[in-house]
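First the structure, then my questions, so here it is.
Chain naming follows the written order as A, B, C and D, and within any one chain the residues start at number 1.
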Amino acid sequence: MELDLQLYSTRTDLALEAKEMAQGPQKTPIPGVNEEVDEADGIKVTRLAVANHAGSQAIGRAIGNYVTLEVPGLRGGDTGLAQRVSEVFAREFEQFLERIGITKDSSVLIVGLGNWNVTPDSLGPLVVENALITRQFFELVPEQVSPGYRKVSAIAPGVLGLTGIESSEVVQGIVDRTKPDAIIAIDALASRSLERVNTTIQIADIGIHPGSGIGNKRRGLTREILGVPCIAIGVPTVCYASTIVNNVLEMMKNHFGQINNGSGAAHTKEIMGMLDDISEHERLALVKEVLEPLGHDLIVTPKEIDEFIEEIANIVASGLNAALHDAVDPGNVGAYTH
Amino acid sequence: MELDLQLYSTRTDLALEAKEMAQGPQKTPIPGVNEEVDEADGIKVTRLAVANHAGSQAIGRAIGNYVTLEVPGLRGGDTGLAQRVSEVFAREFEQFLERIGITKDSSVLIVGLGNWNVTPDSLGPLVVENALITRQFFELVPEQVSPGYRKVSAIAPGVLGLTGIESSEVVQGIVDRTKPDAIIAIDALASRSLERVNTTIQIADIGIHPGSGIGNKRRGLTREILGVPCIAIGVPTVCYASTIVNNVLEMMKNHFGQINNGSGAAHTKEIMGMLDDISEHERLALVKEVLEPLGHDLIVTPKEIDEFIEEIANIVASGLNAALHDAVDPGNVGAYTH
Amino acid sequence: MELDLQLYSTRTDLALEAKEMAQGPQKTPIPGVNEEVDEADGIKVTRLAVANHAGSQAIGRAIGNYVTLEVPGLRGGDTGLAQRVSEVFAREFEQFLERIGITKDSSVLIVGLGNWNVTPDSLGPLVVENALITRQFFELVPEQVSPGYRKVSAIAPGVLGLTGIESSEVVQGIVDRTKPDAIIAIDALASRSLERVNTTIQIADIGIHPGSGIGNKRRGLTREILGVPCIAIGVPTVCYASTIVNNVLEMMKNHFGQINNGSGAAHTKEIMGMLDDISEHERLALVKEVLEPLGHDLIVTPKEIDEFIEEIANIVASGLNAALHDAVDPGNVGAYTH
Amino acid sequence: MELDLQLYSTRTDLALEAKEMAQGPQKTPIPGVNEEVDEADGIKVTRLAVANHAGSQAIGRAIGNYVTLEVPGLRGGDTGLAQRVSEVFAREFEQFLERIGITKDSSVLIVGLGNWNVTPDSLGPLVVENALITRQFFELVPEQVSPGYRKVSAIAPGVLGLTGIESSEVVQGIVDRTKPDAIIAIDALASRSLERVNTTIQIADIGIHPGSGIGNKRRGLTREILGVPCIAIGVPTVCYASTIVNNVLEMMKNHFGQINNGSGAAHTKEIMGMLDDISEHERLALVKEVLEPLGHDLIVTPKEIDEFIEEIANIVASGLNAALHDAVDPGNVGAYTH
């Protein structure tokens, strides 16, 4: 059985999940991938550094820094939790910028990728709508700008089907004209597990790569292309039907393995047949073989996506505003969004 | 292993799927359930009549008439197909009304159930918005109403969480005041298979029952409650994660059974272990047991739901307008919606 | 010259403006109309009581209590001011309820009148969307309801053109079924001056009368009709073109009168001719006579209506939530709206 | 009394109105401004050519071509009329392109100016949303593009307050990257009379000039700036309160002049005093002097703006699609918009 690993690799946009899959259930450490975990108040922060080529190959991700916030409780509608996540995100993002050398007076262009007509793909445009924009004041009335603000502009470039123009072309044109010191690109992602949808935020300094995210980009947004650093902020908002099935089979395997811990292996084999033996890659290929006659591997999103996406977009925008402007109080970031 | 059949039965709102599950892969005919199938131009119409108590028990549906349109090609964005579906739906609905004795001059109240803030639950309100409303003319300027129209009013009563009032209470209050001859209730449904989502329309003369549809109704809309006939039009817009997994396992079973047709049974058993043997009900219970620790069985919808729901709402509204008003040309129903 | 006073009287829905017009520039007190004014922090509160038939005739308003908040600074986008207005409104509304005998445990149905598809007429539906709804908890889990809340339900009944049903019929049906102790009806109004649009809130205990508000009601919502008290909350969101013109002519007259205070009268007459002499009623008739050939007297709204209406709806909803539920802190009412 | 003519000149964006004001009630021809009028089926087409400096000075507009469609019946909701306007607009626009040398295979970038959050300023973004976009097919699968289409891309660049970037900068960046042969810029305008709001379409080959339209542009979009021809399509969607008043006073003057034709002049003078004598410019200055204490000269839009703007955006988009692509049938342009 041959596996289309390339396709497989598109099934998650989270470096954390790619790493977990590479590790397998034994959670074997991966050489070249360093990890640091902090957990408090229901918010888990994982800082991954893909340090070298070996690490990059092992998990199928570019060399760079990846910070992931996981907040399983997020979809419960707890306003206090949302506020805390926003603050943690602001702190992590501020440190992230510092670590990669973006100073407090660097000007920034926020790019909200995605299609505003497709709710699970509208994260980027929604964040742009709630970002605190200041560039116009620096340009027109610089003497009136209070200390504690930096120059921030923002654009939602749309998608190829709506504009006829690659979003990367739009961004490049604007970068040429307005010369920001750095780009922050916001995008909706696909994850491997439904549980991570709308409960996870990823920060990465590798930009946006072709084929990532929901909207089938044909060109990326990277430092190589844009000439300035590009930090990507992503939130998974969808899953492939095939990965949901595969994920549940994996859970099934672990479930029966645990229940029958003495005679586990034999028992699980009895229940799940070959599905127990084969690797995750092979199993996914199997699931996809079965789904193929349906013509396409459907991408799904939780039914409550309208509410979820608005909440997470508010969290990201509030956090960004506090991280980018010292004058914006992280404890009251909500006041700057609508 | 004990099965919670009650919960199970809520996993599909389509009588057609309930019947298919009751029949099993052998497609055994079910006594008391009569079936008539027409298929043309990519549109399959199935007319089910649950004739007696035995049939009702066998498929877990009330005695009554169920017409289902299945149009797998619908999500492809083919405007011509959408137009044809609208016409077939208009014809079927008109015949349905006739069959159950609703005459051409009966006044009708259209009820759009569901939550307009939740895209996959907004079918009902969207249809109401595009329905051709005429009651005000009959009340205020009856002499000016052209022939070929009947008295139609419409309401989207909202959901309990938004109004504090059961939608059935709102409808009952309006029925008391405005005395329509019949109710047509539109609701978004859950189906067992992702493929049926947004490609299927069900018409039934049994009204709306508690617990059906997406929004957890606590009270129904039936002839018993309202005092007038209540016809339900439903479109599946969501699936439970557990039924997706279960459905794929079923497909897997059939897939390997077909590939290895000689030595099929043994081979499938080898691949799928006990998952091959057990009944669909047992398998679903297994899947749900595995998903339980996640706290909830997520309900999902295709990522393109915004576009899909608008298309199907237009089809239903156009079809309804043509079916209810003789003066509305079925070939040009689009002109009456926006 | 004959005046169509009936049409004239529809040009403002504010009792305060009706009183001002009746008083004329000399601000003559009107027998039977008592007035109390408080002004602080840019918020002017006027409490009018139309005490008897004479007062009612003089200003063309029903006998009853009218409280008006005027906040000229409101359209400036000052978040702090909006918060203060919300608190003052909450306090005034709470006192208003007390004054007319609605106790703290009376159940309330909020009715959001108007057409959600017409921005300046969408105030009612927007307030309903942001109201804190609790009736379902009292009905389903009464033992879990904390003290400090009362039973509140809410409905936006739509308009005749959308539903085919008078909004008063919808409300009556719901009142019959759910038996609230009082109705609070929210409606968008017309005012005489552009300056009052979106800067004024009126509370009145006379319910909603036919022909008031933007949407041409044919039936009212009053205690007589509903059997329970009906309090109306209104905000002017539109003006007639004719009243704008008339209002400016009035201002012109005052303007020149002031400039040339010695020889004022003669001078103004020179500038404005007969327009100076005639009464406001006559002048409006003149303006309407001129506008008539255009076919209709256009109703206009400020270009920023989208933002204004959202702000004022938030103020009203926040204030209502604080006034109706003791447990809702007036200093933090914003947290309960979205 | 000193007049601020500069401010005055911003009160209308329609060349036709500027010309009418320059002509005065006697409709004196203006040297250097040529005019051609066609009227049929309730649609009046005026083709103005400002041929030289004298003409330009006389009416305060740049040298160039201006085509105006006036359709007073448009706000009546007549679908047939909307369809006809769309066809006439398509034909006029096609001829306009030809006249100024834009050939059938020239690639085009449609720019939808304005703020999508402000309904009367959302014309441009709405047209972009309904435009038939083809550039992506020419870039990715040129061999599959049928004859009869040209390369069209589109962008809604937002406004300075939302993005921190002048819309002209965004457009210049995109023009640099994508090299279109021509720009078509869509913008909402201010007119002098309420009757022209949403019933008038202006085509001009002079691009967009700073300060025109609703949204206070600081930089223009012209051939000089962009390096390619820029055609502007505009629809008035707002009026200044001061111009409404002024306009009604003008109508009043004409009204009384007509009624009392024999003794007209004396009589009108009697009624209107000095308001009759002074020039339109002086009268407007007077009105503005009176309105000044209110702090700002409000800009208003008809209360039905939501519906009007959608209708006119559909007309413009349908017309554009038919004019730009020969394969799009002008008789069925509606099918290409949503």
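The definition used in the following text is that a contact is a pair of C-beta atoms (placed from the backbone, for glycine too) under 8 Å apart; a residue touches a chain by one contact, two chains touch by 3 or more.
What you see is a predicted model, and the numbers here were worked out from it, not measured in a lab.
A.B. asks: Hey, how far apart are subunit B and subunit D in touch steps, shortest way?
C.D. replies: Minimum step count, subunit B to subunit D: 2.
A.B. asks: Report the inter-centroid distance (CA atoms only) between subunit C and subunit D in whole Å.
C.D. replies: It comes to 35 Å between the two C-alpha centres.
A.B. asks: I'd like the Å distance between the centres of subunit A and subunit C, where a centre is the mean of that chain's Cα atoms.
C.D. replies: Subunit A and subunit C have C-alpha centres separated by 47 Å.
A.B. asks: So, what's the distance in Å between the C-alpha centres of subunit D and subunit A?
C.D. replies: 43
A.B. asks: Is the way these chains touch best called a line, a ring, a star, complete, or other?
C.D. replies: ring
A.B. asks: Could you run through all the chain pairs that touch each other?
C.D. replies: Touching chain pairs, listed by label, come out as A-B, A-D, B-C, C-D.
A.B. asks: Hey, which residues of subunit D end up touching subunit A in the complex?
C.D. replies: 129, 133-136, 140, 151-156, 158, 160-165, 169-170, 172-178, 218
A.B. asks: Looking at the complex, which residues from subunit A come into contact with subunit B?
C.D. replies: The contact residues of subunit A facing subunit B are 117-121, 194-195, 214, 238-239, 241, 244-245, 248-249, 251-252, 255, 269-276, 286-287, 289-291, 294, 298-307.
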